[in-house]
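Below you'll find the structure, written out as structure tokens, and then a few comments.
Note that the chains take the letters A, B and C in the order they are written out, and that residue 1 is the start of every chain.
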Amino acid sequence: MWVRNAWYVAGWSHELEPGKVAARLVIEQPLALYRKTDGEVVVLEDRCCHRFAPLSMGRVEQDDLRCMYHGLKFAPDGRCVEIPGQKLIPQSAFVRRYPAVERGGWIWVWMGEEALAQPASIPDSVRLDDPAYRMRSSQMDYAAHYLLIDDNLLDLSHLSFAHEKTLGLDMPQWADERPRILPLERGLRVQRWLRGQPARSFMKRWGEALDLWNSYDFLFPGIFLLRTAFYPAGTAERCKLAAPAEAPLFLRYDDQAVTPMSHRTSRYFYAAGARSADIDPDRLDRLFATVEAAFNEDKAIIEAQQKLIDLDPARRMLPTSLDAGPTQFRRLVQTLLERDGEPGPAAAARAG
Amino acid sequence: MWVRNAWYVAGWSHELEPGKVAARLVIEQPLALYRKTDGEVVVLEDRCCHRFAPLSMGRVEQDDLRCMYHGLKFAPDGRCVEIPGQKLIPQSAFVRRYPAVERGGWIWVWMGEEALAQPASIPDSVRLDDPAYRMRSSQMDYAAHYLLIDDNLLDLSHLSFAHEKTLGLDMPQWADERPRILPLERGLRVQRWLRGQPARSFMKRWGEALDLWNSYDFLFPGIFLLRTAFYPAGTAERCKLAAPAEAPLFLRYDDQAVTPMSHRTSRYFYAAGARSADIDPDRLDRLFATVEAAFNEDKAIIEAQQKLIDLDPARRMLPTSLDAGPTQFRRLVQTLLERDGEPGPAAAARAG
Amino acid sequence: MWVRNAWYVAGWSHELEPGKVAARLVIEQPLALYRKTDGEVVVLEDRCCHRFAPLSMGRVEQDDLRCMYHGLKFAPDGRCVEIPGQKLIPQSAFVRRYPAVERGGWIWVWMGEEALAQPASIPDSVRLDDPAYRMRSSQMDYAAHYLLIDDNLLDLSHLSFAHEKTLGLDMPQWADERPRILPLERGLRVQRWLRGQPARSFMKRWGEALDLWNSYDFLFPGIFLLRTAFYPAGTAERCKLAAPAEAPLFLRYDDQAVTPMSHRTSRYFYAAGARSADIDPDRLDRLFATVEAAFNEDKAIIEAQQKLIDLDPARRMLPTSLDAGPTQFRRLVQTLLERDGEPGPAAAARAG
């Protein structure tokens, strides 16, 4: 049911304070996250091997983590190194440790076979503490299968309807034209021009209408790295609708990640902003307020969609020309599941 | 499990404002209700055929309903008439439409085969906006199977106990004597005299005690149309306990409807009042306060009963002479289920 | 799944006021408790045989209990003695009655075969209204299987960790040394010396450090009767670590009972105190505040543990030398289940 051999975002780097233990659920696996004295993130199974108390209720002791039910202590590699009042520690006394990497604002965890973990395959996103950027970030939990959120991010036509008063204001082109979709190793690249879009107030100095080059990579399990480049009206046509080579007037960054927690719960991480030189804090606040309003619109629809799916799980969706992205991505998920040896159903969100 | 070929009350007429879409669940089917420009009620399946977003989160556009996830638009007959950015609309692009009728204060929906829908079979109830009547109305949701609420309404002996301080105050006769029960096409007629009942304060001008002719039709799935006629003490005997021909001193109207939402949720609609000439607003307020207090007593018992049934679903109830109405009605439900080709269990509330 | 032939604590004696009916759930059986006019506790099945309304919503009438849905009345032996408006009462009109006894502060109910009920097998605990003692009592509900709470009470090593800031403050010996465990008829006796423990402030008059003789009987289903005797430092050694014969400086009483309600809910009753001569109300208040803080620590861990068990029910716990008590007790539970003819799994908390 789950793709195990993959990097998942377990949280923001700034969420994990030294000396504290954080509890996370990723593809139904309970995880305890903490930092060693040198700051390196350790991710252990959040379930003491003794009586299954959560290690996340435990205590960081130097580089180790102690269960605070009966006192078993675990090293960063998951081995139990102390059982109170007992000399011999059996070899079976350990918890699983998960490879973990901090990269671009997020803590990534490898949920599969340790030998296959390749940190190099983690995509680049903006580090929130990088002074070159000004980003705001937050997260929300969905009562929905992660693939429904992925569907949403892979078909931005919904901006014209679901977000007609927020992100898609006066932008019917989202729904009326289809993007170009290119396959990636573990995802899709989605690109399009949006021509002659009404300029938001602070962009009016560049004209009443602008051309937007909207390009994102969408990678398993739900990493969404969007760059929106604003150009003078006419640029799209001048480029013959191909990718622009010239520098944009304004470049917006949106980094997001969807993490499945269980079959009906998912966590959605998102950051939005621009280079520090391009945006001031006030404008970022206004931008982010719109972003969050829109994401709540998505959440309301997607959670309702999940309930309707669950009311009649056998029902088949109607394919339209809008669904090229979601359809290709679900085929990819199917391939990844099969590669993991999982009996993944064609429509994981439904069966899951 | 459900009788499909039946009219169900989906809501009060006044609940459905022009331009708005209402969501309802009836026998586990999600429904979206809206009005055409001419006011006619349209009921569509509340699940867009595309990605299963709820149409009730959509927008009424003239006589049509647009899904506000990706913009598909549906005509009142359920056909999809627009897919943004796509010329061809496949024949399979439609949602189910349900026959709907407004009658006597309520919106009725036919949940079965369209060809079998006969609006003429809908019983008469008081229209809340009929100036000849003064009625108050409300509704409550139960966490219980609808047949448990039906049982309650079909055996008013419980007034002497469950409502001993409200509707059944000082009225042991409810429990001590049995009503006459006559079969109807899709329900039962329940009638009885209650003799020498203590007069409520505003009726004392007609004597300390009164005779009440209590008569209601109870129709599938839970339509309860009660008329309580008050007469001078002695009338019952004079009529030889048959139905009275003469005009009553006071005639009270109670129109109620039980609608199954799911196996453990039901909606209970109720209105109470009298002819405008017979009751003033203050007295109606007091009457309705008593009614609502009593209905909360019912809800507490019935929801507790449902929990006890679920704790031991195989257990059999003990039949008594009190249960003639509930027993006959459950037999009728069984017949209706079989007529629909449903494998209905003898005790739907239990197995359901 | 449940041991039926056993006494269970249904509540505190003082919870059951004359004229009131209390609802309880014990091993998934709904119980209605009330007192006869002579004060004797009656425990009936909390489900009217007629339509399954709860008798606990009923009315005590002298020694009988009347269902307040349709008015059936039951005698203390469970027989229906009145059906409104009906002369004949069928023999099948009865609810189960459960043998009940008040003993030592608690109401005990026998959940099995009536003929096997032996009040003599109920262990002695302190009566809360006994003037010779000063006890405080309370209770809390767990969202966990009762055996997880039993495990906790059978392995006090957790005091050094789970309660390192409350009951186990500065007491690593709880975890570092193992108690002596003796088998009882339906439980275990657990005993140990804790030597040279730092004296709490009010005991400092007897020295900076004290020896504690900690002894409790733990009986099915979770009766925990702990006596903690404080002695001058050196007493343990003088007694050669055997049970002390001499009178202690201070003797503390802890009487507790775990009652399974369902597979995932349990009620935990607890009282703590000492002889009236040994403790004043202020000190008892402070003692009890510590006790309750500690029990909330247990509850947080055990409920988390239950969730982790349910996330992966097939997983096996790692046995350590800490688990002698829990392991022996679960073996006893298994024997009791088999004696009852129940297909009890080896790990009831897991499978349950």
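Following the convention adopted for this analysis, a contact is a pair of C-beta atoms (placed from the backbone, for glycine too) under 8 Å apart; a residue touches a chain by one contact, two chains touch by 3 or more.
What you see is a predicted model, and the numbers here were worked out from it, not measured in a lab.
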Equivalent interface positions on chain A and chain C, same or different at half: different
Rotation in the CA alignment of chain B with chain C, degrees, nearest 5: 120
Inter-centroid spacing, chain C versus chain A (mean Cα positions, whole Å): 47
Contacts with 2+ other chains: residues of chain B: none
Touching residues on chain B, where the partner in the complex is chain A: 28, 30, 46-47, 49-54, 57, 66-72, 83-86, 90, 92-93
In the complex, chain C residues that touch chain A: 151, 155, 157-158, 160-162, 164, 172, 175-178, 300-301, 304-305, 308-309, 311-312, 315, 317-318, 320-323
